[in-house]
Amino acid sequence: MSDALATTLIDDIGALLLFTMILILGAGQLYRAIYAVAAQSVFIGIAGAVLGAATGNPDLWVIAGITIAIKAIFLPWLLLRVVKRVGIRLEIEPVIPISVTLVIAAIIVVLSFYLAASLGTVRQAITGNALPVGVALMLLGVLVMVSRRKALTQMVGLFASENGIFFTAMAVSQGMPLIIEIGVILDVILGALVMGILVLRVRSSVDADIADLDQLRG
Amino acid sequence: MTPALGLGVMAACFAAGALACLMARWAPRSAVVIGHLGVLAGAIAGGGVALALLIGGPVEPLRIALPELFPFARMSLAVDGLSAFFLLVVSVVAASAALYGPAYLRAAEPHKSAASSAAHVFALNAFVGSMALLCCAGDALSFLLFWEVMTLASYALVVAETRSDENARAGLLYIVMAHIGTALILFVFLTLTERGHGFDFSAMRTGAAALSPAWRSALFFLGLTGFAAKAGVVPLHVWLPYAHPAAPSHVSALMSGVMLKVALYGIFRTGFDLLAPPSGPLPASWGWTVLLAGTVSAVIGVLYALQQHDLKRLLAFHSVENVGIILMGAGIAMLLADRGRAASPLATLALAAALLHCLNHATFKGLLFLGAGGVLCRTHVRNMEELGGLARRMPWTAWLFLLGAVAISALPPLNGFVSEWMTFQALVLGGGKLGGASGLFSVLAASMLALTGGLAAACFVKAFGATFLGRPRSRHAEAAREVPLSMLGGMLVLAIACVVLGVLPGFAMLLLERPTAQLLGGPGASQLVTVHGPLVLTGGEPGGALATSISVTAVAGLFAGFALLVWLVRAWPRRAGRRLEPTWTCGMAPTSRFDFTATAFAKSLRLIFAMLYRPHRKVERETGDNPYVVKRLHYGGDIVDVAEMNLYRRLQHLVTTLSTAVRDRSTGRIHGYIGFVLGTLLVVLILYGRG
Amino acid sequence: MHPFEHIAIALGQMGLIVLLAPFTTGFIQKLKARLQCRTGASVWQPYRDLVKLLRKGTVQSDSASAIFRAVPVLVLAATLTAAALVPVVVVRQAPAGALPLGDAILLLSLLALARFLSAVGALDAGGAFGGMGASREMTVGVLVEPVLMLVVFSVAVSTGTTDLGELAARRGLAPLSLHAPDLLALFAMLVLLLAETGRIPVDNPDTHLELTMLHEGMLLEHSGPGLACLVLATHIKQLVVMALVAAVFFPAGMTASLAPVDLALALLVFAGKALLLAVFLALVESSYAKLRFFRLPQFLGVGFLTAFLALALRIL
Amino acid sequence: MTVDVLPILPLVPVATGLAMLAVKDRRLLAAIDLAGSLVVLALVIAVAHSVGEEGSLSAGPLRADAVTIPFLLLIGGLAVPTSLYTVGWMKGELASGGMKPGALRFYYALVHAFIATMLVTVLADNLGVLWIAMEGTTITSAILVGFHGHRDGLEAAWKYIIVTTIGISLGLFGTVLIYAAAAAAQGGSPAGAMSWHVVSAMADRLDPGIVRIGFIFVMVGYGTKAGLAPVHRWLPDAHSQAPTPVSALLSGALIKCALYGIIRFHTIARGACGPELSEDLFLLFGVASVVVATPFILAQHDLKRLLAYSSVEHVGIAALGLGFGGRIGTYGALLHVVNHGVTKALVFFGAGSAIGRYRSRDITAIRGLLGAAPWIGTLFFLGTFALAGLPPFSVFISELTVVRAGIGSGHVVSVGVVLLMLVVVFAGLMFHAGRMVFGSAPSSVAERGPEPRTCVLAMLLCAAIMLLCGLLLPPVLDGILARATEVILG
């Protein structure tokens, strides 16, 4: 696996990732958003595999496996269980109109590529344009959290932005040290568990979506 | 006993007094007495050190290094002429207040709990100790620390009774204004210490010398505002009439008599010493601002004092007036001061007038507040309308209060007249020397000073008359008895000081020798006293073109002689004795309702100066069935403190509405929170993203 | 010259004033009577009143305190001291060693002290009239004092001293050395003379209608020797203020030497000046009606403006 | 001192936490809690002593150097009074039904887990471990914030965990970028590219472009965690809903650990792209925090939210200290971090007891605290004085140093704005505190039993430290801060 091939593959996967993020942004239904995140995680797993092959670093293979196992399978399953338990309506009510969200998304992507262009020498350390893609993915993930009302869609946004970070982290020369990657994933899982518990407790005690609570102000 | 040792003894006395609060749990009464003894001993020690430095002692300032508390600053005490003089001012009033304190507390607040008397003793010692040490502070950090401890201790004394809300509000207004002052002073001192690379005053002087004149003037005006907020100059005086009456009377005497002077010490220190250009005259704008502020404070202070019917609030407003008079002296001194050439005697006269008025005001204001305290602790009533007829019941307090009233109205035999006469001389002859529009303005300021003198006289005739003379207008006034001896002792000390400073001003000139010489660089105040030593006081070069000299001692002698002569003439020929008849009130039986109350007395001046007072009155007539027969008449009339209304209420209203608007606008929604994170990130990336 | 001789001269001049004062009031009363086509009391009547009062017993209010008894003594003492300060006949350069007596501000303050003490005395008796008299007297005091000081300052600014003796000496004893600023200052001074001596436009000295009298209101409660002291003090104050006007504006005629013939001549000149002012007072009294109390600020405001113009002309 | 003290330090609270899970009795739990805190404090002092002598201690991913010590002392210093306070406070909570007996052991275990994660954050040399520990603090404290289970608590917990997790993920991305820059500088080999002292040693060889963007992400990310305005908005909700000891730890120690994280990257950014970038950002966020916090303090009704906004303001002042830079500025910032931690804990304890006693968080409902609870009232009032920046207390000294640095470095305009805001905040605090402390307490509150001794003891401990650092700066502390400043400025 030569470097040039790895770079083109990473760029293609980057494009795919951006596409899945657009899907999440444009998703009208909660299910679609969850499936889009699962797809995104699969692509990141593949990217991990490609980079593992290109750099010959065994850790990347392990990370790719864990990413697919946890992020592509376990988390979407957890989200779907919570959706069934909570039984909320499926539509996603946007806080700011979808068209405005898409315009902002475009601005973010342009900004991240503009920033990445200024980094001369260090680009080699990060194969392909994983850096701008990573920045774009993360900021779009946060944008999803801003523009959606319901708590679950915010969790989806959070996982999407974490995927962005993973993608850049893997693309850095020989990838992040293994224990760090595993630690990060462990924290993401713990975070997801706590959020799930919170959503369920509010749903059971107050019967309102936790993201709608806004008593604490001023 | 070297002065350094004296200062150590003083600090030790205050510390011992403060520690007396620990024994308050078992013996509150003796704790109070010991605490006040600590203050007395400290004051005497301080007074001794001050006199030693002012009269005898070496010329160059006394430097004592304090233990090293903070690594970045060397704290030290440096007692030069100016500090010694203000230390003397603090000691005089503190000694008499300490004498006065215990008996007053026992009489005014008999059921004071152990905890609050302990707090009172500790705060009092901290308050007087910090003021004394503040005058001797040698560097910026110790100055600021003692300044804040002084503010905190006086705040604790003001809000001593935690029950009444009025005290709490007075305390809040006081500490906020004090803090604004401190913030400004902090900024000025830190700029100087940063430029001068060192915390002590000499480094600050080099720092100031390095500054450009524009920067130096800006710092002076900031410092002036800061100190003026604490000294109660008119636009920033609003807290004073609320805070001073709230404290116990001997503390009000300390606050009015001494704390305001310590703030003025700050103005003298920055204006004449730290920020003053090494050579050449002080910038004219400095002198003008101080003179203008002084005149406005004097006139407005006394005008508002005239309409007050709460005895202690009236005295507090008079403090504003007297601070104004001191600033007038300081202002004309700044205009005339010229360090380069030999300092003109008029500048020395003006500065001597301002400093002497500090000492004089401390003595007679202290005496008046202690007198008012005597009235308060016997009648528990501060409103003059419900007093009256106390002169027969409390003769000693009445005579001492009258003496203080004559002194504050700047009438001849006493000390108020001496410093006011010197200020008149400085303003008139200084105006003549300055010439042109500035001369005209300074002579006009002199006539405003005369107006202030007249108003003060009217105000104190009202205060003395309504409180002590005529028939008692309430049950409390009826039951009043003479105050205990120790309180009279405290008042007597100040009364004697008033008389001595009034009749023999020459001695005061000797005290002023060192400060004036140090600040103005020329010969000291002693050139103002001609060959006859303490008797004659002259403004201008002796025998020179501008000589105006008076001998207050001779006048006092004549006055006493004539008084004795007339008394003999009146009492000598035996003739029909004295008959006591009720006062003639057109045939009706005279009751206390006939007396001319304080409101009635001040009514004519209220109408004349209505434009400033904006008085509003409401009169309700209670008529029975027949509309023409008036059963009861309710008269309510008060004046509006213009500065307070426009400046403070509006500012307070603006700040609260602004903050509530900002608070209400913030929604609790989480999307807003995350939006802020995203927005901030994008903005910072755009601004700082590309190197 | 021995310092005590300086004081002896001052006491001599004070004695002169004390003797002449009742005569001046008597002369003004006589002149007013003549102007109103009635014969009026004799010129020596004030002296007879004083002697009568000195012999009478005193009736005092039962609610008055010791201050009430002390006030007449202190008021007369203050006025006498003021009388000692004003140069009447002799004007000498204060020798270096002498105790300088004669400062204008000190003189005006002593008169203010007298006013202060009499107001306090009035309040002590506890009646409404004493209080009203005191309140109005102090209000007039407030309005008069700054203008009086401004007049003295406007003269003192150029000559560089407020000492009356020095002032007279420096302005030279040449007769009628009046210029524009002096004329304005004199006019302001005459307005104030009316207010200070309690004459018609400001206050009616002859009335006994309690509601209208200012200065009289304060004397209401006193009787016997106390009243005598206060009435004498009023007379002396009037003559002192006249002497002040004379000393400040037309010092001509005062001698420096102590020779008896010069003294007599100077005395004649002073008597002439005093009588001239008395005629002015009498004329004004009989040709004006008393102003309403709250119209006084405008009346005295005219005085203040003229004094201010005098100062402006002199200093600018 | 043997080197192995370092790894034991974070394990002790973990061990005590696990031990507590098995215990049900309240008194025993309280005893273990206190013992655990005391052991932590002892170990912290030992580490501080040895670092004092040897410059730095390292064991695996953990490393304690001069910069760590002030923060370590702060966490250890706060743990003991907090557990002391919890003894008295828990009795009250159990009596008033605020805390269910069953959930007791989980509460104690979580508090110790929280302390453990904070210790690791501060001790971590490896930037990745630092991030993981930071995420750990978020998770443990989020559960604690929502521990009461009522509606407001859950809302606060949700906002807290979502916003801070986003913040920290930004921080992670920044860490990745700087890791990339370090790897590139070492010619592609990732060996040691994660460890702080390696990266900071070769900071000047890093590519300034990527470090610039990395630092921006870290600044905004960890700044959210530290509560710097305008990304501070979760802080008042979280700190006001958390139980009192937890909010004391949150305000006193946690936001300081976030600031510690930024300081670590501040050193790297200084080396890589010069001091202007990081100092300008600190200045920007510092002034924003002080200005934004002021109106909310003035027009506040809820006592704990008032204290939370005061924390935002004081973190802003610390950031300003770093922003003014130079030896005095950094020294002042570190001193302010320590002083504010202790003072804020004291005031939160006072506020917690007052709320417990008056059963209401509304400032207008609490009156006559001096009458109802004299000891707590006085200490609460002194603490408010200290927060407002009055001299005999320590916060004044650190604010004085920061203002000195500001004037020295020529930022006169921002110093003027900050002084103005500090005076306005002073007026607001005095107004609120005066209303609460003075006057007479409603009768129902007045006879509500004596003040718990342990709460008063804890408050006295904090007050003593506060007054000690106010009157004289102990040379030991001064030495520690000076050395830390040396390391930060590189």
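Structural remarks
As written, the chains take the letters A, B, C and D, and residue 1 is the first residue of each chain.
Here, a contact is a pair of C-beta atoms (placed from the backbone, for glycine too) under 8 Å apart; a residue touches a chain by one contact, two chains touch by 3 or more.
Bear in mind the structure is a predicted one, so any value in this text is a computation, not a measurement.
Minimum number of contact steps separating subunit C from subunit D: 2.
Comparing chain C-alpha centroids with the centroid of the full set of protein C-alpha atoms picks out B as the closest. Taking B-C and A-B together, the pair of chains sharing more C-beta contacts is B-C.
Comparing the centres of all chains, each the average of its CA atoms, the largest separation from subunit D belongs to C. One finds 35 Å separating the Cα centroids of subunit B and subunit C. Between subunit A and subunit B the centroid-to-centroid distance comes to 70 Å (mean Cα coordinates, whole Å).
Once the centre of each chain is set as its mean CA position, subunit A and subunit D turn out to be 31 Å apart. In terms of their C-alpha centroids, the spacing between subunit B and subunit D amounts to 45 Å. Residues of subunit C found to touch two or more other chains are absent.
The set of subunit A residues that touch two or more partner chains comprises 115, 118, 142, 145, 154, 211, 213-216, 218. Contact of a single residue of subunit D with at least two other chains is seen at positions 155, 158-159, 162, 166, 170, 209, 213, 237, 296, 299-300. Taken chain by chain, the contacts fit none of the simple shapes, being neither an open path, a ring, a star, nor a full set of pairwise contacts. Under the contact rule stated at the top, the pairs of chains that touch are A-B, A-D, B-C, B-D. Note for the complex: subunit D touches subunit A at residues 126, 128-129, 131-132, 135-136, 138-139, 142-143, 146, 149, 151-152, 154-159, 161-162, 165-166, 169-170, 172-173, 176-177, 179-181, 183-184, 188-190, 194, 207, 209-210, 213, 236-237, 240-241, 296, 299-301, 305. By the touch criterion stated above, subunit B contacts subunit D in their complex at residues 69-72, 115, 141, 144-145, 148-149, 152, 159, 162-163, 165, 167-168, 171-172, 175-176, 179-180, 183, 186-187, 190-191, 193-194, 655-656, 658-660, 662-663, 666, 668, 670, 672-674, 676-677, 679-681, 684-685, 688-691.
Taken in their complex, subunit C has these residues touching subunit B: 7, 54-63, 65-67, 72-74, 76-78, 80-81, 84-85, 94, 96-97, 99-101, 103, 105-106, 109-110, 112-113, 115-116, 119-120, 123-132, 134-136, 138-139, 141-150, 153-154, 156-158, 160-163, 166, 220-221, 225-226, 228-229, 293-294, 297, 308, 311-312, 315-316.
The residues of subunit B lying in touch with subunit C in their complex are 389, 391-392, 395, 398-399, 402, 406, 409-413, 417, 421, 424-425, 428-429, 431-432, 435-437, 439-440, 443-444, 446-448, 450-451, 453-455, 457-458, 460-462, 464-466, 468-471, 530-532, 535-536, 538, 540, 542-543, 545-555, 558-560, 562-563, 565-567, 569-570, 573, 575-585, 590, 592, 594-596, 600-605, 607-608.
Of all residues in subunit D, only 155, 158-159, 162-163, 166-167, 170, 208-209, 212-213, 216-217, 219-220, 224, 230-231, 233-234, 237, 273, 277, 280-281, 284, 294-296, 298-300, 328, 368, 370-371, 374, 385, 388, 390-392, 396-397, 400-401, 403-404, 407-408, 412, 415-416, 419-420, 422-424, 426-427, 430-431, 434-435, 437-440, 471-473, 475, 478 touch subunit B in the complex they form.
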